[in-house]
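The next part holds the structures, each set out as structure tokens.
Both of the next two complexes hold chain A, though its partner changes from chain B to chain C.
Showing the complex of A and B:
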């Protein structure tokens, strides 16, 4: 597999030498042919019986050339070229984008350009235009497309041949353009492959700037590839329940935590013809959180807070918390150790609890001299498709099955509308309804109602 | 003769045209010192004021300055009596951890500068405030990666919080000396976005002033605090946003600033809550530098 590109390169080299020879003969034969316009010249070449492989073509491009329809296209483009303007390349893409913006169409535009002019005139401008259009066509993360784009460069022309050319910046605009292609790959986090390297060597030579760029990418990318301790896949799950499950396990950071789907998304139509949609409600709670909640003082309220944002690459999801206010110091109870751990029934040789200061040395104090931030405990987390109070109350009533104390504790909803611009359409609609009730105050707690649990949750 | 006369005339015209703006117009000299650091946006007129026009000569400012600087000087003299850097010798010798910044009050935010790509014409916003119970630093805002339409700038979309360079009395530069530590320790709470930690150290030549040592800071997101330990050996050298080919380990004896940068191209609001920033000595970490220092082949 690794051998193939190299052999390809070798063959190209051979053919190219031959073609250069051909070209020279051709020129000595009819010097006057340079005056003849492009279309005619092409015809004379076709009369030779076979198409000689030109300097500016890659081997891949050479195969499918002597096609009558393609020739028609070439002639058309030659006529078009008469009306010169600066935006021709953009137009090429826009014409292709008219039916569908897809990879196939993008590739077709590249093919069209390759066949248009045998000398690839204006390829730098074309490549810049193509780079700009790549995200539109959705091919910005596709290595094969980048390779195809590099293939537009004529081969072997920009390779320096002597030491003076090598010393100076040989064909600077073309090299800059090549670096630009690689930089866009870098920005989208795409690792070049062997084919890219072969192409760059063919186009610009061994020690050119694009080749250097390639080497830099290949040096740093593998080092930084797997650094993220909380990796997010490029393709996030489409199903909202799966997405919530993924994000909740990510933020909970607890393998014991159990995910419960309280409600699956569904829509049904009532007799009156109204469409009622039930959003999904997915919650997570760990056993520790359950025991903490069981110890909660029932006279103090618990709060449902949110929405808080969580970014998974480029998408933002929101989650809600069930939490308490920090316990005031006069109410804090010192945790007493279980008598089993210190009692006389402990094994002397394998004690379960040791009260020893195992510092190794005088200065080996690795703790930080800071005051702890006092915050209330988090009892549960949830994600839902619709962040209104009724949905969240449904979540609380679902939680009540496993945490009976929630039946006695008053629940306060502290929902703010700060992140409205990122919510879905129905959320925005809902928020605007809420704002009509409570006035258009952003970043403020728009709803704060103490609900005595029995009233709302049932 | 006539020919030479015309030649002379034309040359004089040329000369007049050439020198006209200099003679009649105001003297416009572009004073650009070595230490000028401001980024000048494309199309923006250069600052043609004289250096003394930029200084505010104000009596109250002078009094404040005298008070501040002599106070600092006095503190510098007095702290020698307790020990190096104002701490007892035992603490200085035995310390394994040092808390550099903890955000416990409004004055702790004065040591930080928050910038966004507003200064290059972008549309991101970044603000800093204290957290809910006034004991954390909350960096928030919104990121917008649309580049400014000035024809030159190609990328945009960053938000940064950077500490101010510490200054001794009379505006002498002071540096952090972290040479007895090897790990940066942060307690943060983010929203899942990746950040970058930038440490800039004092350099010898002025052309190295954009050198920065950077590493990534990944946040988990969610309601829990996250303890992050980053060994200083992992920081790589970059200058003006480009990772450099020849890498050097970060010299910790003269560290100027530390900064946090967000630039992950995801448009939308962001937040990062920082509890404290500390350095510690991780005795299990013995690596000196994580990247190759030998001459590589092919040399990049």
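Showing the complex of A and C:
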């Protein structure tokens, strides 16, 4: 019954549009003394808890108890200091992180916090701190950890019990904190599960803001989950050849395109003791590209260009193109089909066109006005562990097997040095060795390359 | 009514006389096609005129007849052939061994079935298209034999018959007609099925200018393994008007004896297993220049004419097969008892027999009407009609066989009975000689082209906003909506249709009128881009097929009732039933063709197909899949 004056007071503040800060003072001041009896009284009528259980602990986490004693000591130490600022909770995690930033340690911190005070004093600050630390501990994608974090909230305390409470923002700071937990889950694409729902109901009640957030997530997430027609797996293939295979099929998006592995990665040790590593070369070409290449005018060069970046989640890979300049209009040959074969009343089976002076009616013309921008054809793509000219030349000679025309066409290498900035941090070491020739003066290089490539042809 | 009958009789008699004189004329036209005076003066356009909303009733009424002498002659041919097929052809064995035994082939040769349409002077039977269709009814009792014969004479030797020189005919036809040599038709290539433009087989002139060297390979060649004479289509270099070299298609008569002709292993097929289908490869085959059919570069028209003329007989062939099937199935349904009732007493079984009878009746009517039209003097272009017969009968045949199998239950599904063989044999009909899809396109586009030529001016005026034309059309529409009945004069005082079929004739008239305006609005809406609207064209073709079928049954039943053939009341019943059915179907299709029609689902259909084909798979998640 002690609750009532407090809630009335709270309402008044709300009506007066008092700031949250003011409310928080009330919370911190009154909560520990006023709330608990009320909830205790309610405990017997609760409809969620089928199993009798300890008040502040969800049924799920009752059993998991920390065996760490040193952490407990730390916390006791903290309490002694009686500091309640955010910094202390941060420290808690930092101390725990000293041995190893792992899920187990993170859970231990949560457990110790739960044990240290039956009233869970400062849990909101603690949860905020924990949310911030999650990526550091590598648990930001772990639904069980989120549930455990939600479990830090005391149960049933914040559940509104009458229509007035329900109507207004009951325990806004706690609710907001709960929403934040869900928000972070959302940002990492973690779908809440049944346990999350049970926890939220126990903590905030059926129609609370976190519950609404949960419902919204549950509405949208399943819909978004499979929306990407080109899904990238969370775990990318480790093998560079497999990764290239995946990336190239992704770019090409052509079911007819065929992947060819021109060279598997390998390392040799020569007699002189030198280590020679052969990078992988994986290429893709579709039959359509092959026919286009076969029609290429041999007097015009084809270009090997790259590297171009392709992002797969947080990894960046690079690919190279074999392409040509757009065909100038004067050289374009219209492929004429014999009118006899396609014309009306003559076609062998049915006419491909009919001879009428009537256009499509405007009302039935659903086509868009599209400006076609002429671009040079891309004849093939490849990915390699080493983006130097020698390696790419190897790719071109591999392509030549199926595209004999490449023997007559001058191949120009136009390679950028943009490789470095775009690669993942770990890869940079490899790179500095690999990508020797940077395109400092492109023109010069092209000229050189033309000579080189022509010399290269047998 | 009496007057009508007399009138019809008079007309048939007149027609009979013309037909009688026709045969002589036709044989003449085979020899000197360009000398035939009537060829240019008369162009038959019943189906095409339907696109304009016109009923050219004089073309199709009364139903074509053959003379009594011809009928007698025909009966003389039919009896021994029927006897041969029932007694000496072992279809089961042919199917199992995938080969027609030589004795059977010899029997067929002795009956003259290898030269049914070859003129008598070249040793053939010299029969008309109508009579050929009648014999086709019997030969179709065995699918493999029917296909072998058709590949031989409907397409294989047709080129020589239609466009060959006197020397070529004298040299090749006698031995082909006797069956000593078997012919094949080599058009399809690995890279060119329906797309004749991509024929790769090439014929190059030798230096002495007396021979062509033929190189390339052809696939799915019926009789390919046993043919001595082949009609081969190949690319040749031709100088066109501007003096530029161009590739054109030329038809050649190639003897296996020329050398360099190899045939591959016979294909192991689903049905018509006894017929021989294989790949034929030509390697530097030396073909003398005299063996070019028609002129160099003119092979294209020849191929088209051969294909167009070969299709009509499928209607009667199908009908022959289903008639036999009905007999066998009905016997089963009449004897087998279930729940103390005969199968024949169950409504759903009865329905199946009605469907079969109706289909046979329509097929027959269409086939013999078309054959009759083709037998008329001149060189009538019946390609659209022939294509319609092929589409209708191949699909109707499939439905009938399937229904028959349903009646038979398990018996139909086992190899101990011939029914499953019928089903397998029948499936090819929808595929060869131009698939039904392609023929639908042909039917619809040919008509659209014809109607478009005539309507272009009017539509252009309308688009320009010519008030006069617009009012004329609005007025016409208003009149139609006020319930003005369409009258093409099929019924009534001068009508050609028997009064007992008046209602059906009215339905046909209404359909035709609506069809005309539908075509007009389609042309208005799509213009020449209608070529790309395949789903629209499919409905146009289907409607036209039904219209032609209605015409055929009305014409046939009117004749039957007028001259009082046996069971004519059954024909009237069938005709009325079919017309009613077709009328509603046509109306539905034509409503779908209206703009923004809620019945039309084409956009969705295209979208579904597109999504499936993009992924080349069925893309829905499994129903048991969960997202959380």
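We take it that the second predicted complex is superposed on the first by the 311 of 458 C-alpha atoms of A that agree within 3 Å, B and C clash if a C-alpha of one lies under 4 Å from a C-alpha of the other, contacts with A are read in each partner's own complex, and residues count from 1 in each chain.
The rule we apply is simple: contacts are C-beta pairs under 8 Å (C-beta built on N, C-alpha and C of every residue); 3 or more make two chains touch, one makes a residue touch a chain.
Keep in mind that what you see is a predicted model, and the values were worked out from it rather than measured.
Contacts of A:261 after superposition: neither chain B nor chain C is touched. By the touch criterion defined above, A:314 lies against chain B but remains apart from chain C after alignment on the C-alpha atoms of chain A. Once the two complexes are overlaid on the shared chain, A:370 sits against chain B while remaining clear of chain C. When the two complexes are overlaid on their common chain A, residue A:193 makes contact with chain C while staying clear of chain B.
In the superposition on chain A, A:251 contacts chain B only, with no contact to chain C. For chain A, the partner touching the most residues, choosing from chain B and chain C, is B. Using the contact criterion defined above for the overlaid structures, shared-chain residue A:294 touches neither chain B nor chain C, since it reaches no partner. In the overlay built on the shared chain, the residue A:350 is in contact with chain C alone; chain B does not reach it. Of the two partner chains placed around the shared chain by superposition, chain C is the only one that A:225 touches, whereas chain B remains out of contact. In the superposition on chain A, chain A positions 363-364 are in contact with chain B in one complex as well as with chain C in the other. Of all the residues in chain A, the ones that touch chain B in their complex are 212, 215-216, 219-220, 223-224, 227-230, 232, 247, 250-253, 308-314, 316, 319, 321, 323, 326, 362-371, 373-375, 378, 381, 418-419, 421-422. Within the complex formed with chain C, the residues of chain A that make contact are 191, 193, 218, 221-222, 225-226, 255, 337-338, 340-342, 344-361, 363-364. Of all residues in chain B, those touching chain A in their complex are 93-97, 99, 102, 104, 131, 133, 135-136, 185, 191-194, 216, 218-225, 243, 245, 265-266, 268-271, 275-276, 278, 280, 291, 296, 298, 300. Contact residues on chain C toward chain A in their complex (touch as defined above): 187, 194, 196-197, 246-249, 300-301, 303-304, 307, 434, 438-439, 441-442, 445-446, 448-449, 452-453, 456, 459-460, 463, 523-531, 595, 616, 621, 627-628.
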